[in-house]
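Heads up, there are several structures right after this.
Common to both upcoming complexes is chain A, partnered first by chain B, then by chain C.
Showing the complex of A and B:
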């Protein structure tokens, strides 16, 4: 590109780029990079929220002790089938990624990423307290497990529901346009409103669900305080809340599919569900990947639904990682320990972000 | 014209800005729109406290009171974050049980030498009220009430079961007798004997603690957790026997248990002093299942009387006293105003802290007041601890696990013991 001849001085592309990037980089550094490294720094200290505010010298450097107190324990051993559920899924995952790679259904990097995730699922749950041992913080890993369970239920729930809705609501009619808007509306509500609505819906005394159950002769379920239903309740509320964006992404994906394919399919009798299965779904692969990874990153940060609807209960069955971090930092004032947990959450989400990057790049090649 | 409007606005702003000293105020108790400034007519904690604050704002010369938006459930998290960020409210309410956590790091202003000048007569406070706001022999707050767990009684259901004598309910004196009474109520009315929030808010914990204290035991002693004991098992089984026999429902939360009581679906509701005026007002309505409402002291099921109790107190942040003496003086005026309106706050059902109010005819005439006069004598709480909030949460989680998820009592008490010990060791 020819350089413009100005009257005074001319900027090179690099200089212009630097000048234009400076405002963004300043904001990014002040509000994201600095707090992140400060968080890591705090995680290496015994740091009381209130005490340090009144006396900056009240903190003390403890190295990795916070990480040890949160994630490790006394006399911890490893067993191949200590948590059979997770570990068997991990083993199946390792085998599946190897088979998919050999069959040519998955690229090298995809298979490697899947295999690594499956390996972690096999290795990490194998750690457990040996005889006479105990975790220093016996609630941390169950809380991580709850968070993974929540993500494991909410992500497929949102993805499948949003995809089916998008397929059903793709079209030009006025009714479909109205329904698209209606289904998107829940997305704009704040978590406090969503949880309030669903607390009323789930109430065993006045809720819509309880009334319907009674209408059909059943006894109402106490959703939010029953062990088997509390997690389901917050997952249902989350799916209702997060449908909108996923649905819009799927709609965009569906509208990108060439109509010729459907016409060709129709000649071979592939219409309705058959057309969805053989034409729509394969062409949405890339959108599905984006939606799934974005949802995973989003739902690992779940907080409001658990905090406001169930208070983490009953018996910690809906206690999730961000709520535990919040309680440790603000209820217990243990900022160092809370920061160590936050760094752990960052590593998990960073892993999924890398996975998204890898999968996205592989498709481009 | 335009100039006149701008001029008038600027003058008004200048006038109000120059005269009024703004006092920011943090409180829980919930929101009340349109509370007004009449402190004698509002009903319920939220509206009564807001009417007192509004009256202070309207009455005190040169002081404007600005109530900050806070959420009850996360109140202490918000206040602590505000302290950590250097922007705490000029005055804020707190519980007695939180004093060690705040005062141990010097967060609360020492009011000892300034109260008399502000018009607050410390000698009029009950001894236990003075104790509630004293830390290391210095006064760090102004007490507002004693509150405690009571037994709220539906006399119609109790009478149907033959459990009313001389207009007062017959309450049990042992766990076994409580089971008999509960069976009698179920047989006569088909309704539950007892309701409370055993599912979310820690009222279930407070019931178990009261029964523990009634046996002369406690949850920790110094730095040693003492939860996994026969006394705790006795206290828990006194409650779970009702759940197991279908005479009480552990799955109701605060709103649902209260609604069950107001609907006439439970003979007893265990809840605090803060709802006495509200239930009185509800019982007076024609469309409520609850008609004849009575308030009773928490009964003694074991050796000695005890019920869970606490105090609401008002405090001023230490940095305010050091850095902003004018705001500090205005904040003290607001506290003096609240102290002067102790009788109005007592209308909620809470017990007053000022001797002159406790001895007044107006106080004695408050609804149901005589029915729970014994509560002040049996009021108890756990030993002071900077980790009170976390300890309560451990107990709440483990006790709920017993009656909501079927966790064994042995496992729950062993876990609670380990977790509380871990908190005491930190």
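Showing the complex of A and C:
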């Protein structure tokens, strides 16, 4: 046992707790809580980065004007099918979540969250400028739309690939362990290494993909600067990069499924793909939800892929929310407007974090 | 092992190889001469085998240029951040898990709420704060914001909660103080959790891009991740493709080695960080 303390020096539990908590709470208060509220405060000001840097008084309180200038416009109206693509998906989503809940295929929280997201997808894109109207910031909502599109492509891509791989690679053999390692490896690389690799992979002159197409007599695609291909390119790079975590979560989920189920299934001739469809998939429902929510949070914050591979282009088709915040703040020096967008991002992320937390709680019980 | 098993492994080896191709290609290009690469990137087997071979790119990297400095910056920032996160997380995690004090519930909730705040929601105010204090372009400016993220506190708190109470009680009966129990009894037990947290933090620090991009404007304070971003936009012209690829390999080496040695911890760390933060 360590040195004995004289009774007179012994700290009470309360004193010990204070000593142990102070370092973290200080850092936490100064570098997270305070900046968070300061961010909200900045969003209520007309705040130019350069002007305020030279003269701290060069900012003025404008209330919610920044939010209006970012999200609203002149003469905005709402139409049920103003943006049919998103809105129909939203309608289908509302119906699907109700049906899944009625059929008992989705839990209450899952159905509620799905329904809410679908409702937003139906309502939000319905706003559009009426006659003679315009958005104050005509780039903001398209940027949000691009971000959602990116999430909508990357999340199913990662989830489905990861789930199939996990089902195939579950097992204790050496060969499977090696294969798991190979598929996980790209996950530890930094975003700048990933974009470096894929920029040159996609390059029409030097890229491996272009070399391959030429080998087969095709003409190379100008991936990163062609509208329609640029988004696909950053989604492909992202799936390649972030498959690992999802695969590991699915492996853990699959290992939780009782082996008896598979043995019973084998008696009914359910092996291989059949076993996957009738046994693995239904028992992975919770893991799928967790992985999907986690991926949404992760990919909604996409920045590096867009910033480095396409520069948001061509024609803003890969411009995403975090990059727009970054540019508004540090290229245009408009900290007030950028902060309003950051608060918008926080509200969305916060919603998904709460959902993630609730789902995690359900699992523990 | 039956035949269908071998077919499965064989069938999966093909996608696994394809999955590896981009990485192999980066390594292979880094070992080819720049004048050859300027003409073609597919000299041998689509460029996947480095023939003609040269190590000049790596030699050039370490003799000229800023890559070694950026690498050192990354090392300082990553190790510094890891130590700082371990220090504040183990202490606070222990106090929240095992000690009784007033307002404990509210403090836990307060910390929990911090998990909801994404980096992108605070990077603008952090920028103005650090600018006011003249902190930008320094190592501590790159370290401190992440130390405030409560994910480590929660990982440690969960770990300490799972340790049986009698260990502590035995020590209390012997008259050992709380801080001594923390230091001599709890910390040694917490080594696996600390290892997981350390790897999670190191990977995050090494790979972080957005905050260094905002905070470090002088090239002398770039991390390797940021430096790599700064040279990739004009790679073919300035330094040669081979050398840029060599920088990418150097930038990846520490995390890949870490991954191959501590695979179990890395996987656990990344999933813990992913699902809870």
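By definition in this document, the second predicted complex is superposed on the first by the 317 of 365 C-alpha atoms of A that agree within 3 Å, B and C clash if a C-alpha of one lies under 4 Å from a C-alpha of the other, contacts with A are read in each partner's own complex, and residues count from 1 in each chain.
Here, a contact is a pair of C-beta atoms (placed from the backbone, for glycine too) under 8 Å apart; a residue touches a chain by one contact, two chains touch by 3 or more.
Note that this is a predicted model, so its numbers are computed, not measured.
Enquirer: Counting only touches as set out at the top, which of chain B and chain C does A:53 meet: first, second, both, neither?
Expert: A:53 contacts both chain B and chain C.
Enquirer: Mind working out whether A:99 is in touch with chain B, chain C, both or neither, as first, second, both or neither?
Expert: Touch status of A:99: no partner.
Enquirer: State whether chain B or chain C is in contact with more residues of chain A in the superposed arrangement.
Expert: The partner that reaches more residues of chain A in the superposed model: C.
Enquirer: Based on the superposed arrangement, let me know which partner A:123 touches: chain B (first), chain C (second), both, or neither?
Expert: A:123 sits against neither chain B nor chain C.
Enquirer: What is the contact status of A:326 with respect to chain B (first) and chain C (second): first, second, both, or neither?
Expert: So A:326 meets both chain B and chain C here.
Enquirer: Looking at the overlay, what does A:64 touch: chain B (first), chain C (second), both, or neither?
Expert: A:64 contacts neither chain B nor chain C.
Enquirer: Based on the superposed arrangement, let me know which partner A:134 touches: chain B (first), chain C (second), both, or neither?
Expert: A:134: touches chain B, not chain C.
Enquirer: Just chain B (first), just chain C (second), both, or neither: which does A:81 touch?
Expert: neither
Enquirer: Go through chain A and flag every residue that touches chain B in one model and chain C in the other.
Expert: Comparing the two interfaces on chain A, one with chain B and one with chain C, the shared residues are 49, 52-53, 308, 326, 330.
Enquirer: Please output the residues of chain B touching chain A within their complex, sorted ascending.
Expert: 73-74, 76-77, 80-81, 83-86, 101-102, 105-107, 199-200, 251-253, 255-256, 259-260, 318, 387, 389-390, 393, 397-398, 400-401, 404-407, 415, 418-419, 422, 426
Enquirer: Touching residues of chain A toward chain B in the complex: what are they?
Expert: For chain A paired with chain B, touching residues are 48-55, 58, 134, 136-139, 203-205, 222, 224-227, 308, 311-317, 326-327, 330-334.
Enquirer: Mind pulling up the chain A residues that touch chain C in the complex?
Expert: Answer in residue numbers: 1-5, 7, 9-11, 13-14, 16-21, 23-25, 27-28, 30-36, 38-39, 42, 49, 52-53, 165, 168-169, 173, 175-176, 179, 181-193, 195-201, 206-208, 211-212, 215, 240, 244-245, 248-249, 252, 272, 290, 294, 298, 301, 303-304, 308, 322, 325-326, 329-330, 335, 338-339, 342-343, 345-346, 349-350, 353-354, 356-357, 360.
Enquirer: Report the residues of chain C in contact with chain A in the complex, numbered from low to high.
Expert: Listed in rising order, the residues of chain C that touch chain A are 1, 4-5, 8-9, 12-13, 16, 19-23, 25-26, 29, 37, 40-42, 46-47, 87-89, 91-92, 94-96, 99-102, 104, 107, 111-112, 114-129, 131, 144-145, 147-150, 153, 171, 174-180, 182-184, 203, 206-207, 209-210, 213-214, 225-226, 228-229, 232-233, 235-236, 241, 244-245, 248, 251-252, 255-256, 258-260, 263, 266-267, 270-271, 274-276.
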